[in-house]
Amino acid sequence: MTNRVLEVNGLEAGYGLIQVLHGIDFHVDEGEAVVILGANGAGKTTTLRAICGMIQTSGSVKLNGEEIIGAKSADIVRRGVAHVPQGRGTFPELSVEDNLEVGAYTRTDGEVEADMERWYETYPVLYQRRTQTAGSLSGGEQQMLAVARALMSRPSLLLLDEPSLGLAPLIVEDLFERFAALNKEQGTTLLVVEQNAQLALGIADRGYVLASGAIDVQGPADELINDDAIRRAYLGV
Amino acid sequence: MELFLQRLFDAVSNGSTYALVAVALVLIFKATTLINFAQGEMGMLGAFFALQLWLWGVPMWIALVLAMILSAILAAGIERVLIRPFDPADHLPLVIITLGLFLVINAVAAIVWRFDPRSFPNLFGDGNAISIGGANLGWYTVGTIITVVGVLVLLQLLLTRTKIGLAFRAVSSNLESSELVGIRVGPTLQFGWALAAAVGTLAAAVFVANPVRQLEPSIMLRVLIFAAAAAALGGLDSLWGAVVGGLSIGLVQSVIVQYLNQWFSFPTTMSLAAAVVVLMVVLLVKPAGLFGTAAVERV
Amino acid sequence: MNARWTILAGSPQHRTYKLVTWTLFALFVFLVAFAYVDVGSISIGDNTYNISLIRLNKAVAFAVAILGLQVVVGYTGQLALGQSFFFGMGAYIAAWLVADKDWPVLLTLLIVIPACFLVGVILGLPALRIKGLYLALVTLGMAQVFPSLVKLESLQDYTNGSGGKIADIGLEPPGWIPFDGIAEFLQGIPLLGGYFGDGPIPEKQEERLWKFFLFMLVAGICFWLVANLIKSRPGRAMRAVRDNETGAAVSGIDLAQTKTLAFGVASALGGVGGVIYVAELGIASPDDFTQLVAINFIVGLVVGGVGTLSGAAVGGLIIAIVPDWASGTQSVAFIPERWLQGPTGSVVLGILLIILTFFLAGGVVAGARRLKARIVQIVPQPPSGGSRPPVSTAVADDAADSTDSSTVEVG
């Protein structure tokens, strides 16, 4: 039986008086790549922020069977969630190497160096630029750095918030290939939030479609990709 | 020439103090994008701690270190109780809180130690290290330079070689992402406040250790403006910038104002006004300062 | 939220309500003035508290200066905190004109107001680019420079350096005011008469009373003008700039013009406050216009209530009275006497500042309004039918004060 990494039930969240999520349910199993699709304002980013305890939430969020709702972000991260926020969320004034080091902030084992080497091998461009500040990297490089930084914490779940945002199509394709490799070859469990349905479903096992703060459609990725309604709404065909 | 040299030496000794207070301001600014208007007063209070311990018989340098630790603890408490509850992006309440601290600390020091100036033990020994003609470079000036360089090197090591230092740099670079890598932001900022208070105490002690000065509650009032000008000149988030800024402001005060006085009979009592003008010009012309990285304009 | 009475804004009851409350307020001020003109101080245990009119007159001066801060900080959201600079400037110009040019003190306002307005505008120009904290820093720096400015040798002839400029104010009450008659009448009131002392009012006190009413009149005019300014088009622009600068700019508000106006008005009010201050004390001395005074004004602003006009009045009263009473407090149970000597007033003000920022954003005035809302509530008229009822003016009346307290920026 596969291990359920994330189980979300009746999640509600919002900002101030405005409620964005009206009770959503979904789950992510170990080794899976799950994508949440949705238009602008559907509540995709809010979902990830709610999981990480960055906003007021209610409902249930279980990480590896343990309830984490209401916990502080820093504690949730310490329990194994890594979040690459929209706009990448690197530390622009810090060097690439320091960024990776910060990624391993919560770790106390002695293998940080080894992990760093590993990601340098996976993304050689980061190695070339390891002494440069993160702010001086290109958008695609920053996204790679953000992902590598997130993985430095050896998370049991990696959250990616619209990784394609603001990047050129070719770079986006390259990135998603890397995400697929992360998931399939390295076994990283992924929860991706995207507007680019075609690409995202291409690397995902399962998908959810979020509309106005509620789950609209769900199913295996290859079914969704062939679903007429979804094709019309999100794939533009 | 001798006169010029002498003024240059004075500039360095004043500038070093401004640099140290500016470093304290920069530490808090990096952490919270806030200018701590009570920084000078906190340093003054720390200097009184040191003096009191010394009067009780503790050797001077130990008293100073103890005072630095005491002020650091006090500042950590202040951060926890008075600063952390507020939204860091909303400046008005934070400015008001630091102004309140300014009033309270200044007045409490005056109540406890009275307004009479007290001489502070000479930290660096008397006499001159070098005399060139009539210009004397006192041991005091040498001591201040060594202190500044020492503090900066230590801070640099602390920030680049330790885990808390890394966390501090991360938090000052990107607050939200810091939370997302598991850094506990509150305690990290608290660390910044504590560090700033320790440096501020050292700064005030070094300032009043000058044989021509005495410790009194209002001693740091003017220094804060000089230091703020120095910090702005260096770029509010750059530690070495603060040092360069401090020395430059020292130069403005001791050299430029003197020559303005000589040539245009510009009154020397206006050196504070000169500092305010420098501050204003920097903020107008180059708000990021000489070495600052980010645009400082966050309203 | 349920008030005992609700009054419809703009209705005849509302007008009566306002008339009655203002009349009661004026009567109260009048009675207080006469009640305390005779009393120098009250003693509680070993502590002596001054309550004479001198404090009140100072409070009026401070209130006008804080009113200026309300315009620039409270309504426009610019952290221009160096109000002691303009307070001092007004005081010194007035002292100089009175002492050396034999001007009547109130006439100096004709020079002080435009002069402070102009200097405020000029010094405000850089502030168009300097924002937030940095503006606070620069303006506090300016406040700190002021005492050394007036001590400059080149200004010695005008300012008399550190000795201070003494001016013979000579505000003698006109003979036609029957102070003694009023006092006699008040003393004759059964039950309450005892509070008004006995016998005629000494000449010295008559002068105080006269000054007090005069200052109240000047301050009243200032408050009335600012209240109208806030309701007017430029006033709305100011509030828009405060609430959302970018939003204001894209709505076509001229940021530079709006801010400059706010700086000018604030500085002019600072100057008026300074004139009143000198008219009361008869001397302008450098130590009265230090950075600490600038900070005290901020205390007044915050403790009274940022973004409210009445907050300025309350704030003025607080910073005039608290330091004085604190130093009058010489013995308190459980506190050694030694700790009650020195600037205890500043400790109290600083603590007040911090506590209010924490627990009562909006200051004393907001607290008082919350209480008031339980008793009387003014509700706007519902829009009725096609014709526009005269609601807008009445609502705006209240809006100038009350809507702002809800959007105050203090934590």
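When the chains are written out, they are named A, B and C in that same order, and each has its own residue count from 1.
In this section, a residue touches a chain if its C-beta (ideal position, glycine included) is under 8 Å from a C-beta of that chain, and two chains touch if they have at least 3 such contacts.
Model, not experiment: these values are computed from the prediction.
In terms of which chains touch, the assembly is arranged as an unbranched chain of neighbours. Comparing per-chain C-alpha centres with the mean over every protein C-alpha atom, the closest match is chain B. The distance from the centre of subunit A to the centre of subunit B, each centre being the mean of the chain's C-alpha atoms, comes to 43 Å.
Separating the CA-averaged centres of subunit B and subunit C is a span of 35 Å. Note: centroid distance subunit A to subunit C, computed from Cα atoms, is 55 Å.
Of all residues in subunit C, none touches two or more other chains.
Considering their complex, residues 73, 79, 81, 126, 129-134, 136-138, 140-142, 144-145, 148-149, 151-154, 245, 291-292, 295, 298-299, 302, 306, 339, 341-347, 349-351, 353-354, 357-358, 361, 409-411 of subunit C touch subunit B. Residues 52, 54, 73-75, 77-78, 82-83, 85, 89-94, 98, 101-103, 105-106, 149-150, 153 of subunit A are the ones touching subunit B in the complex.
Of all the residues in subunit B, the ones that touch subunit A in their complex are 163, 166-167, 169-170, 172-174, 176-185, 293-294. Subunit B makes touch with subunit C in their complex at residues 33-35, 37, 82, 85-87, 90-93, 95-97, 99-104, 106-108, 110-111, 114-115, 221-222, 225, 228-229, 232, 267, 269-270, 272-273, 275-276, 279-280, 283-284, 287, 296-299.
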